[in-house]
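You will see chain A twice below: alongside chain B first, and alongside chain C after that.
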Partner chain A sequence: MGYQTTAEKINAIFSDLSKDYLIYAPKRFVGDGTFTYIDTIRYGEITDLAEIEFAEKSNYSFKEVLLPISETLFYFTENEMKEADAPKKGAIVFLRSCDLHGLKRMDTIYLENGGVDTYYKRLRDHTKFILMGCENSFENCFCVSMGTQTSEDYDAYLKVDGDNVLVDSRWDYLDAALAGATQAPVIADSVTANDTVVTIPETVPQTLFDDPFWEEYGNRCIACGRCNFVCPTCTCFTMQDIFYTDNGKAGERRRVWASCHVDGYTDMAGGHAFRNDKGQRMRFKVLHKVNDYKRRFGTHMCIGCGRCDDVCPEYISFANCINRLNTLVNDTVKEEN
Partner chain B sequence: MTELNPYIPFLSKITEVIKHTEIEFTFRMTYSGDVKPGQFFEVSLPKFGEAPISVSGIGDGTVDLTIRKVGKVTDEIFENYVGDTLFLRGPYGNGFDIANYKGKEILLVAGGTGLSPVKGIVDYFSAHPEDCKGFTLLVGFKSPKDMLFKKDFEIWKKNINVIMTVDYPDEHYDGNCGLVTQYIPELMIKGLTDAVGIVVGPPIMMKCTINDLLAKGFKEENLWISQERKMCCGIGKCGHCKIDDTYICLDGPVFNYTKGKFLKD
Partner chain C sequence: MLDLNTKKIKKNAYRVTKVRGETASRVRVPGGLLTAELLPLIQNIAETFGNGRIHLTTRQGFEIPGIKYTDMDAVNALLQPIIDKLEINQEIPGKGYTSAGTRNISACIGSNTCPFATYNTTNFAQKMEKEIFPNDLHFKVAFTGCANDCIKTRMHDFGIIGMTEPQYEKERCMGCQACVKACKKKSVDALSVENYRIVRNTEKCVGCGECVINCPTRAWTRSPVTYYRLVIMGRTGKRNPRLAEDFLVWATEDAIIKIIKNTYGFVNNYIDREAPGGKEHIGYIIDRTGFEEYKKWAMEGVELDPRTIVKGPVYWSGIHYDGK
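Take a look at the complex of A and B:
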């Protein structure tokens, strides 16, 4: 149901909701960016619509709400283990259409591939998603190429227009809370074109895995893993045990974000590792995003948010890499014929 | 219905420890669920972490885990651990399906600790030689000091054809020497179109052995391998063991070669 209401009304509803939910949205952290006088936009808790950064793309995705950077799985003593408590409150997440598609990728890994992940599910079951529209495309976005520019899988859509707020609600609670508001048709803003366009090769033959094409990326990549950490569809983690310094027999097992670009990702006991070359790591990641994931699950993993291109300190462009790879694949096919 | 938390391990009693070498022991652990050779458990040592260890034997209410002292978790198990229990999660992975090999002529080639995941297969056909047309175990160790399952070999030798070789013999050793691949040409395999080859060991050994078996006339679809990767969660979430579109912990570690040959890290 569509409504026209006021920011004041929405803030009042948020105030009520805050008894049961933490509300997360992209916020501007002034001066907190990598360089002096540069802001960063990342997720944080909000209580007021005015805190939300609607005008720009967030540097980080919402994924940390469902997959915390460091998450305690259980506490242990010598012979006992106790599952870490779930947060007492649920979550409400403001996000854009591409990220909502990213959520589906996370669901696939954490709810389907190999069974249900307890920790993900208990957060996911208590999270509501509010779509933020995109009036225009941002730098490096290629959602249209990935088909993620619109999404219907939201609990509500919300647009702030001065003092007016337009809402499309698919959430009973919100419908009830907005019962007295003016009904109005609300259609989510979405883009129909991006400056960046990618063409994904249908298949990438294994013979190209060792192509010199990847060396160039290997020479430039510094294996910092930032592209993985900003990506809403990168969901890998590593488990770590810590113990308490005042009682060495008690501690906890955590999982923390992992990156396939960073050293140690494939290290086995005894020291053997795979993909020591950074170019091969790039190949592994790129093909996971636009090739391997699709073969297994039927859709591309990449959702075209372009955050990896935004963040790379070495100016490596994932989008450009896919397009160049497409050319390489086409040329290779031509040569073979 | 609440689903069980797959990350929380259960306590298993150590019923016996069999010492093979200075750094390789088999821990016989209580476990009474379904389990197949080639599957693995995550051995969990609070404070130190987890290590994926393949099942090297299946008994009545027990599984054998042959552990090599090679990393953070296993170092601790060998050096300081005094308990009579270990935490486990699993079993994970597909494992070897004995039914795939029944009624066939079988050649199993293993290198070093690669024998662990396939030992259950050897145990089975050694106990039931009538279930296959013939069974040859070709196994290589680095040196006589690195030999595993010595007592089992005594039993196996009575029921199946066993060829054991070492890379580096010492002065007291009087058996076969050299790499396993050296012994493949002379093997008498009667029906190469149906014969099954199972190959597990270090990556290079697997590659060379597979090449030799193909050259000998084994069919790709009759060859089986088991892969070793960093399996951290064991349940398809953490991503560390993924190769292309394949999760080793879910789809493997055992692969038919027609699939296995396309796995490229």
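Take a look at the complex of A and C:
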């Protein structure tokens, strides 16, 4: 149901919701960036609509709400262990259409890829998603190429339009809270084209895995992992077992984000690492995003948010890599024919 | 018949050159940043009254050689729009640069452009210009954005080196150790790992911000307040060239401004009135009075941030060519 209401009303609803939910949205962290006097837009708790950064793309995705950067799974001591408590409150997350598609990729990995991840599920089951529209495409976005420019899988859509707030609700609670508001049809803003257009090769022959094509990336990539950490569909983690320094008989197990670009990702017992070359790390990531994942789950993993291109300190463009790869694949297929 | 008061000429930022009858005009650019529109004005002076050439000075100014002493008034008139635009503190409008003892305040390119800089060096340099100019005492002040010290503040009477106090949010850290590697390879190896989390050695940390620059998740961020390392009494010269030594570490902007202004009082009191040209480097005055006497003058009324470390007694090394 669509409504036209006011920021005041929405903030009152937020206040009411805050008894049961933490509200997360992209917000501006002043001076928080890599360089001096540079802000970042990333997820944080909000209590007021005015705190939400609608005008810019967030540098980091919403994924840290459902998959914290560092999450204690359980505590242990001698013969006993205790699972870490789940947050007492649920979560409400403001995010854009592409990120809602990213949520599907996270669900696939954590809920439908064999066993169910209980730590993910217990957060996911108590999270509501509010769509933020896109009036214009941002730099490096290629959602249209990935088919993620619109999404219906939201609990509500919300747009601040001057003094008015437009809401499309699919959530009983909101419908009840907005019962007195003016009803009006509300359609989510979405883009129909991006400056960046990506063409994905249908299949990538395995012969290209060792192609010199990847060597250039090996020379350019510095293995910082930023592309992974900002990506809403990178879901890898690793484990850290901690023994408390004051008492080595007690400790905790944490899981933390991991990155296929960062050293250590392929380390095995005995010290062997099987993907030391950074070009091969690039190949692994790129083909996971637009080749392997699709073969297994039917959709591309990449959702075209372009954050990897926004953040790379070495100006490596993932989007351009795919387009170059497409040309390479076409040329290779022609040669073989 | 040329009848000149060379002392006045020098204070007006003109050089008494080796070429009889010719001077050179020194155009100061505080903080080393100017808008491109000023370049044609400098070009015009060089082509109209100079010999068509311009020397880029080490202190971020322009020196225009080949000017006839008789043209100084005309050159001053052409300098006026440059002086206005650069917001130079000028005692008498139309009279050019009306003091020359305190040298142009230099600055590295700073946070306008450089990824390493911890603050806007140009802004602080321009603020300092307002505080200490015009002044005829021989002071050299320079600002640099980080401990790389590209402007060579350690060869100045006062060097201001930017510092950020890294803030660590451990819940945003997954232990990739990009910060540890950067600190070890590019800075002072102040970071170590304990239980997969980072421990910063606050004694070693120089506040360069490499951890912040290299952190991929914003676990490391900058402190809202910018701090500075104030290094003092570096110098070049014939007798005892030496690098500046730390005086204050983790100091604030206000403290630095106050200390430099206080130093003018110290120099006025203790300068050797018989010194050639009435000019004596501050460092040599401090060598004579002793550091503690200088510190007494310098710290008068200075309010320090609780983080600030005051060094003392300060000793300088360098090369002694004077046999002392």
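The working rule: the second predicted complex is superposed on the first by the 337 of 337 C-alpha atoms of A that agree within 3 Å, B and C clash if a C-alpha of one lies under 4 Å from a C-alpha of the other, contacts with A are read in each partner's own complex, and residues count from 1 in each chain.
Methods note: a residue touches a chain if its C-beta (ideal position, glycine included) is under 8 Å from a C-beta of that chain, and two chains touch if they have at least 3 such contacts.
Note that the structure is predicted; figures quoted are calculated from it, not measured.
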- Item | chain C versus chain B on the shared chain A, clash or fit after superposition | fit
- Message: With both complexes overlaid on chain A, does A:G225 touch chain B (first), chain C (second), both or neither?
- Response: second
- Using the superposition on chain A described above, determine whether A:Q206 touches chain B (first), chain C (second), both, or neither. first
- To the nearest 10 degrees, chain B and chain C lie apart, as seen from the C-alpha centre of chain A, by 110
- Query: Regarding the shared-chain residue A:A258, is it in contact with chain B (first), chain C (second), both, or neither?
  - Reply: both
- Message: Output check: A:K88 vs chain B and chain C. Expected answer is one of first, second, both, neither. What do you get?
- Response: neither
- Check whether A:Y37 is in contact with chain B, with chain C, with both or with neither, and answer first, second, both or neither. second
- Just chain B (first), just chain C (second), both, or neither: which does A:K19 touch? neither
- Task: Could you say whether A:Q240 touches chain B, chain C, both of them, or neither, answering first, second, both or neither?
- Result: both
- Message: Quick check on the superposed pair: does A:K334 touch chain B, chain C, both, or neither? Answer first, second, both or neither.
- Response: neither
- Note on the structure: Between chain B and chain C, more residues of chain A are touched by B
- Task: Just the number, please: smallest Cα separation between chain B and chain C in the overlaid arrangement, in Å.
- Result: 10
- Contacts of chain A common to chain B and chain C in the A-superposed view 238, 240, 243, 258
- Message: Please output the residues of chain C touching chain A within their complex, sorted ascending.
- Response: 111, 115, 117-120, 145, 164, 170-176, 178, 194-196, 209, 212-219, 221-222, 224
- Task: Please name which positions on chain B make contact with chain A in the complex.
- Result: 3, 5-9, 11, 46-51, 70-74, 85, 87, 228-230, 232-233, 235-240, 242, 244-245, 247, 249-250, 262, 264-265
- Item | Contacting residues of chain A [partner chain B, same complex] | 73-74, 76, 78-79, 81, 83, 109-110, 113-119, 206, 209, 235-241, 243, 248, 251, 253, 255, 258, 260, 265-270, 274-275, 280, 284, 287-288, 291-293, 295-296
- Message: Give the list of chain A residues in touch with chain C in this complex.
- Response: 29, 31-37, 40, 42, 60, 68-70, 224-226, 229, 238, 240, 242-245, 254, 256-259, 262
